[in-house]
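Worksheet: the structure to be examined is printed underneath.
Going by the order they are written in, the chains are A, B, C, D and E; count residues from 1 in each one.
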Amino acid sequence: MNGQYASLLIALPLLSAFFVPLIKGLGERGIKYYLAVITALQTGIAAWVFQQVYSTGKPIIVMAGGWKPPVGINLYIGHFAALFVLIVAVVSFFTAVFSIWSMKVQPIDKYAMLFLLLMLGATGMIATGDIFNLFVFMEITAISAYALTAYNKTGEAAEASLKYMILGGIGSSFFLIGVALIYGSLGTLNMAQIAQLAGNMNPTVAQVGLALIVFGLAVEAELFPLNAWAPDAYQAAPHAITVMFSAFVVKAGLYATARLLYLMQAVGSWHDVLKLLVAMATLTVVVAEFAALRQKDVKRMIAYSSISQVGMIAFALALGSQAGVDAGVFHMVNHAVVKALLFLGVGYVGIKLGGTAMENFQGLGKRMPLTAFALTIGSLAAVGIPLFNIFWSKVRILIAGVEAGYTWGVALILGASVVEAVYYLRFIHAMWFAGEGERMREGLAISLILLLLAALVIVIGIYPDYIWSLAQKAGSDIFNVGQYIKNVPLMEVGA
Amino acid sequence: MISVYYFGAISLILIGLYAVLVKKNVLKMLIGLSIMETGVNLLLVSIGYISGRSAPILSEGIGPNQAVDPIPQALVLTAIVIGVATTAMALSVAIILYGKYGTLNVEEIRRLRG
Amino acid sequence: MLKRLLAITTLIIIGYWLAQGLAGVPFGQDRMLVGKYYLEHVVEQTGAVNAVTAVVVNYRGFDTLGEVTVLFIASTGVGALLWSRKKRRTARTEGSIVLTTGTRLLAPFVMLFGVYIFIHGHLTPGGGFPGGATIATAFLLLYMAFVTYEIPHRAFEKIEGAVGMTYVIVGLIGLAIGGYFLYDWIWQTWGWGHDNIGRLFSGGFIPIIYTIIGIKVGTELSGIIDNMIKEEVSK
Amino acid sequence: MIDWKLILEVIGILLYATFMGFIFMGIERKAMARIQRRVGPPLYQPIIDTLKLLGKKESISHGFIYDFGPVFALGASIAALLFIPIANFQLFSSNADLIVVAYLLEVPMLGIMLGAMSSGNPFSAVGVQRGLLTMVAMQLPYGLALIALIQHWGTFKLSEIVALQGAQGWSVTVPALLIAMIVFDIVFQAMLGLEPFDIITAPAEISMGPMVEYGGKHAAILFTQHAVQIFAETAFFAVLFLGGASNLLELLIKQIAVLFIAIFVASIYPRFTIDQAAKFFWKWPTILGIIAVLLTV
Amino acid sequence: MNEILIILFTPLLAGVLAWAFDFRGVREVIGLIGAAVPLAYLVKLYPAVIEKPVDYALTVGGFTLQFQLGTMSWYFAAVASLVGLAMAFGLVATSRSGYDWLFALMSFTGVLGVFLSQDFIGFFLLWELMTFASFMMVLKRNRHESLKYFVLSVIGAYAMLLAIGILYARTGALDFETIRQALIIDVSLGTIGKGETILLFTLFLTAFGVKAGAVPLHVWAPGAYSETDQSYTAFFSGALSKAGVYGILLIYMLMGYKLYAELGTFHGHLTFAYVIAWIGAITVVVASFLAVLQEDIRKLFAYSSVGQVGYILLAFGVGSPLGFAGGLFHVLSHAIFKGLFWLVTAAIILQTGRTRFRDMGGLAEKMPFTFAMGLIAVLSLAGIPPMAGFASKWLIYEAAIQAHMPLVAGAIFLGSGLAFAYVVRFLYGVWFGQRPSELEDVKEAPLPLLLAMTILAIPNLVFGVAPGVVTGYINRILMGDVVGGDYYRLVTQTGTYNALLVSTALVIGLAIAGLVYLYGAKARRVPVTDTYQSGNPVTEEFNLSIRRNFYRPLAEALEFWLRYSWDRFYERLAKLSEDFADALRQAFYNGNVQSYSWYLAIVLLILALWGVL
């Protein structure tokens, strides 16, 4: 089983997505269980790839069509990609199990297809080694996200999807202009070769190209002025899909931004772009936190908190130092776990008690103690209380931030996280110490997942060393572009 | 200063963006979006053009150095289809919006805010 | 009024900035790097005369796989969003006499032409996508001409799924035989059609993939048309 | 082994102090009377009163704390007295310094408060409130005066202060300490509970303030406590500002001089209400105190 | 050695177990063991600590957390464990749920961790843990107060994190030892400028000022102390406020020389120390004035606790070795008498269920033991000589006046006067005066609470009579013979205080007064109700008492100052920022796709302008 079988990561979801219309006869439950089985299979493959990459230490280079890069398209599954493909697969498996119970809205077979293709898009975005291929996978993720946001077919869902579509459309068009400019001046689309040749690009083209690419990806990665679509999309999408949005769709966008950013290090105006990104990231954190303060709807509140944490990851990745990138990746992993836990919990309550307004969460501790406990662990972790996992990555980010000289940025972020503490603790108080209600039966499967995630949060919190070592390897995978170029077997091409 | 094709492409993009920024009706915005996508595709193709050379079909008359750069044309093929896909999705969402809101004026479609 | 002015000025500045960027990439200059490699090796490596098709299907096959998925998502998405229990065509005005007779005459030829396009993808310009689109226009003609005509959309969905799967299976066979996903095992390992380059049976697995794409695009676009035309009929 | 000489001295000084305390109370009442052109009771009148009260056959008590209060007050006054260098007898004063003595002089206040509060009579509660407020009000100027003194002499030990005053002349002669003495004198007025600040006992208003419930032997104990307290405070004043004394007679003269200043001030001024007293203490005496303290730093 | 690990994490472990096995008997036993183990191990380690500090390093998440049990950390940890043990006994009586045990013991681990840790990451982690645990205790009963407490302490914690970041960026190290060396070398190098040192100092000062309750940041204390299980407050105000004070010591140890080099001296005092002294003085005066005017017993003790911690701040601010000695002694005495006060309050509230002075009164007969313990606490807090309170206050007086800080010393005088006043007010309000009819059937406090009180009362007496024991150990901390004299005498350059002799003098006086008392006739026992009603019993409407606003005249005298209150200022600030957040949200996310696309256009414009210009 040589490395090329890693391409199954892309082939399997695609194959099973196309297979769904043929097995429409199995009926709703059949398709949902099929979905769970496929995502489980995908997790298996991802785990095998993860083990392969982390044991040998060398990234797997999948060359589509047998053509060596830059002639063909290559999938570069390095330390980061292996880790995150596994996270994408695991979170999709959890959401698949959750949607078995939660998804009632009709054309289930179409839902399953879109679900698989969203997972495919994110995996592709993380794994690809070619910028146009990145554009294609980004479009796959984006369009399936548009469809899934509007899946509930309510007025709000359609409105949210419209917003996402228009902003995403503008973003991807400008991204494509950026790709065109890069291709125009360098003649190649392969990331490794771009990194090699970026130095001798014409400065103005480089500046415009880099700015446009970062702009296009920033819309996907929800940085400050461009993330106006995000809260609506998170709120209006079906609960299972919001989990996927916050857990890995955003992460794929962030990873792409970071990857392209560090590839183009040799470009003259690189440092100015970094400063701009740091400013936008800090603003994202501050504005999102302030916006979440007086939210009536819990799901929208947690959406804002997820956006602000994503802003913090972007801040870390844009610091331009190895410590910053490692901390950013570590925070990505933690954020994925915590937000998956929170959105699953909120979604579960939303369906069981009808709606995710704050009133339903009053006295949740008495009605659904298990979910309330999981949500409390999630919120405490999100606030950054020690002995939970986000504390470690938040401390690392802030220290790296001060080290990189952005003391003001760090101060603003700290101020924002005070605001975050306020609304999360109000949420906890509402759950445990206000309102009343009698005990309700809680589903086994979902409670199991919630408790597993909560346990994961606490375990990482108490013993973060393993995850931190993974994050360091993944961080160096992004930051250390020289190593990246050496790993990719570039053919000597051209005049 | 820049060739007429680039100028045409950029103006198409800007017209598309103008429509999205100014027009109140959702459909007009979507049309603006697809104009922008066509503009980008035009830009992509014109980047690959090499003056004095013909289409990259390597039949008898045309050798490797008489053909234009094939890659942008391959990319445009994909970009066009993506444009179609986005527009199809957008129109179906617009259908639902009109069904639920009864209007296509962007000002009124503001239930999710704050 | 002010808003339009503001918009125009912003766009002009952005335009100037883009123009400044594009000035660095002068029009019509030969800056090919990977492109030159493709032009020199396309014939003996893929057997296709049309370099663009070779690039689309063989060299950058992954993009096209992604491409097909995008269209598949579009059709499923439209299907999901406009889904309702009971849907029926509500058009009332029958097509005019010219349209109906014209369509009855032309439809098969349009479809035949579409098939021609995607079968000769590796030789003549155009490929799977334009071919599929022409087939879809044939169906569109039928829709416009006849009030009651409906494509068998359940069957079309099944075809879409099956054809999509064949595409991935072709890729997987390549993985099994050649060790690489989407490996052109017909041209590289079996070496068919090395002799008759420029004629129909050449270009490795390009014609097979383009037929798959042609059928898929045709069915999907007509599926989209079908979903959009029909309206929900509430009892 | 037990230092017999010290024990004898202690007993002697205690008897002398109580006796002289009563005489001081007598002088106080006599002088007040003479100023108001009355004959006034004989000097030893307080002794007779105390003995009469002690002789009462039966007195009532409201529980253990009610009895413990006055006893604790008297005990504390006696303890305070032992640490002040009386003329040439350095009783225990080598083991404690100015701050300890200042605090010991305030401990009896707690004893009286305890007893008064446990009597359950609202008037005694009002008395307690006023006593505490005057104490709080006078604390700042009192502290500032002491600080000025300590900063000037550079030591807390009373015996050293007396020695230094002997060598370099009384602290009154130093201008800064003169201001401190004025401040201390105003505070001294409140400590004794004389006229301008006698809101605590406020004879006309709530008849003897905290001690309203007391009669019989409890009143007697309180009177003896007051006597010892007066003697201790006047001695403290003399030691601090008037250079202590080599023998008892010289100490007595200084104590009477201080007493007369207090009596003259008392007979002139009407009574402050408690918040006026607080405002007064925090205005002039504090400003003077701050000046004294800044001069000596 | 893993003894330190045991000391540190047994309380947390016990807390989790107690929360897990939430049954009546089991929970209490586990909790008690959890609280007792640290004290036991500390005593066991005492001989080892005297010679050489015990070290222990732990690597977590890429950081190495170093813990060290030196003389100073042993002292603070011992004080915290003593109060912790008393709290545990108190909790046995007052708390009904595992929730209280979990978070009480978690904050216990936090405090011990703060005292023992030798590097900033461990320090910050356990600091946050301590804040979070104490916050959860308050969250259960009152949301508003707990949020106010949490926001202020999180602002403090994050200020500290920012300072840690700056220090890490400048010195490249996180553990105290290397930072100390780096800062000393840095004085000559000058990489950290004057402005940055001031920034670091203010950040650390805010962080530790919040926890210690220095004036501008004391706003959370009354609410937080009164809105939680009272026996936990004994630990909350007894030990947790010491973390803030320990932090001030940390500033001295780490940055003392650097701050001296940068900020110089003012009238012969270190400028930065002068600032701390004045903050302490203001805290003492303001908190004591507020304490005197309180109507609620818990609020009174909360403000008094803030005031007493002000004393410690003041003592450290004096900066002389004697100042440190006085401060450290006051850390111990404050912990014991304040802990005792809170346990007494816990007993009162447990038995009567009331917290306002106006509803209480005349409990002396009903709860004699608690009254006795209350009296000991009163004597100690007011600084009556035979008690520990007086010894530490005496040292602080000596230090302040010796260091030529007259106005600060004046503040101490005023503060102790006020302390005397509000303590007697507590005595009158709760124990004496007429007893309201509903409190007739009040019984004495349950045994565990009484045990807890004795645990804290005994040290008051012992260290009161023999202060030399404590000053002996403090000399070992300060590595110099700062406070002379043997077990019973404290001798400094300018003054002496023989605790034993003063006590014996008091006993002699009492004996004499007792003789005089016995000499008189036998006193007839008359019930308290038979006073001003000339015979007939005091009925409800004639139950005259001034328990309600006991110090109205003082309030009138101070009404000019009482108009301004930090609390209202912070509330308005919070409301302002929340409205601003709301306005920002409405403005930015206004739901209109067009304006969103305008945002995109604007970003493009910015990129364009940046590119073009």
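Keep in mind that, in the parts below, a residue touches a chain if its C-beta (ideal position, glycine included) is under 8 Å from a C-beta of that chain, and two chains touch if they have at least 3 such contacts.
What you are looking at is a predicted structure, and each value in this text was computed from that prediction instead of being measured.
Student: Give me the set of chains touching chain C intersected with the set touching chain D.
Tutor: Shared contacts of chain C and chain D: E.
Student: Taking the mean of the CA coordinates per chain, how far is chain A from chain B in Å?
Tutor: 27
Student: For chain B and chain D, let me know how many angstrom lie between their CA-based centres, rounded off.
Tutor: 99
Student: If you average the CA atoms of chain A and of chain E, how many Å lie between those two points?
Tutor: Comparing mean C-alpha positions, chain E is 45 Å from chain A.
Student: Roughly how far is chain C from chain E, going centre to centre by Cα mean, in whole Å?
Tutor: 75
Student: Hunt down the residues of chain E that sit against at least two other chains at once, touch-wise.
Tutor: Expected reply: 585, 589, 591, 593, 597, 601-602, 604, 607, 611.
Student: Going by the touch rule set out above, which residues of chain B reach two or more other chains?
Tutor: 13, 17, 20-21, 29, 43, 47, 71, 75, 78, 82, 85-86, 89, 92-93, 96, 109-112, 114
Student: Throw together a list of every chain pair that touches.
Tutor: Going through each pair of chains, those in contact are A-B, A-C, A-E, B-C, B-E, C-E, D-E.
Student: Could you please specify the touching residues of chain C with respect to chain A in the complex?
Tutor: Against chain A, chain C makes touches at 17-18, 20-25, 31-38, 58-63, 65-67, 69-70, 72-74, 76-77, 79-81, 83, 85, 157-158, 160-162, 164-165, 167-169, 171-172, 174-175, 178-184, 188.
Student: Show me the residue ranges of chain E that touch chain D in the complex, using the header's touch definition.
Tutor: Touching chain D from chain E are residues 292, 362, 364-365, 379, 382-385, 390, 394, 397-398, 401, 404, 406-407, 409-410, 412-414, 416-418, 420-421, 424-425, 427-428, 431-434, 489, 494-498, 501-502, 505-514, 516-517, 519-529, 531-532, 544-546, 550-551, 553-554, 556-557.
Student: Flag every residue of chain E that touches chain A in the complex, lowest number first.
Tutor: 59-62, 121, 124-126, 128-129, 132, 135, 139-140, 143, 146-147, 150-151, 154-155, 158-159, 161-162, 164-166, 168-169, 578, 580-582, 584-585, 588-589, 591, 593, 595-597, 599-600, 602-604, 606-607, 610-611
Student: Which bits of chain B are touching chain E when the two form their complex?
Tutor: So the residues of chain B in touch with chain E come to 17, 20-21, 24, 29, 106-107, 109-114.
Student: Spell out the part of chain B that touches chain A in their complex, as residue ranges.
Tutor: Those in contact with chain A are residues 13, 16-17, 20, 26, 29-30, 33, 36-37, 39-40, 43-44, 47, 71-72, 75, 78-79, 82, 85-86, 89-90, 92-94, 96-97, 100-101, 109-112, 114.
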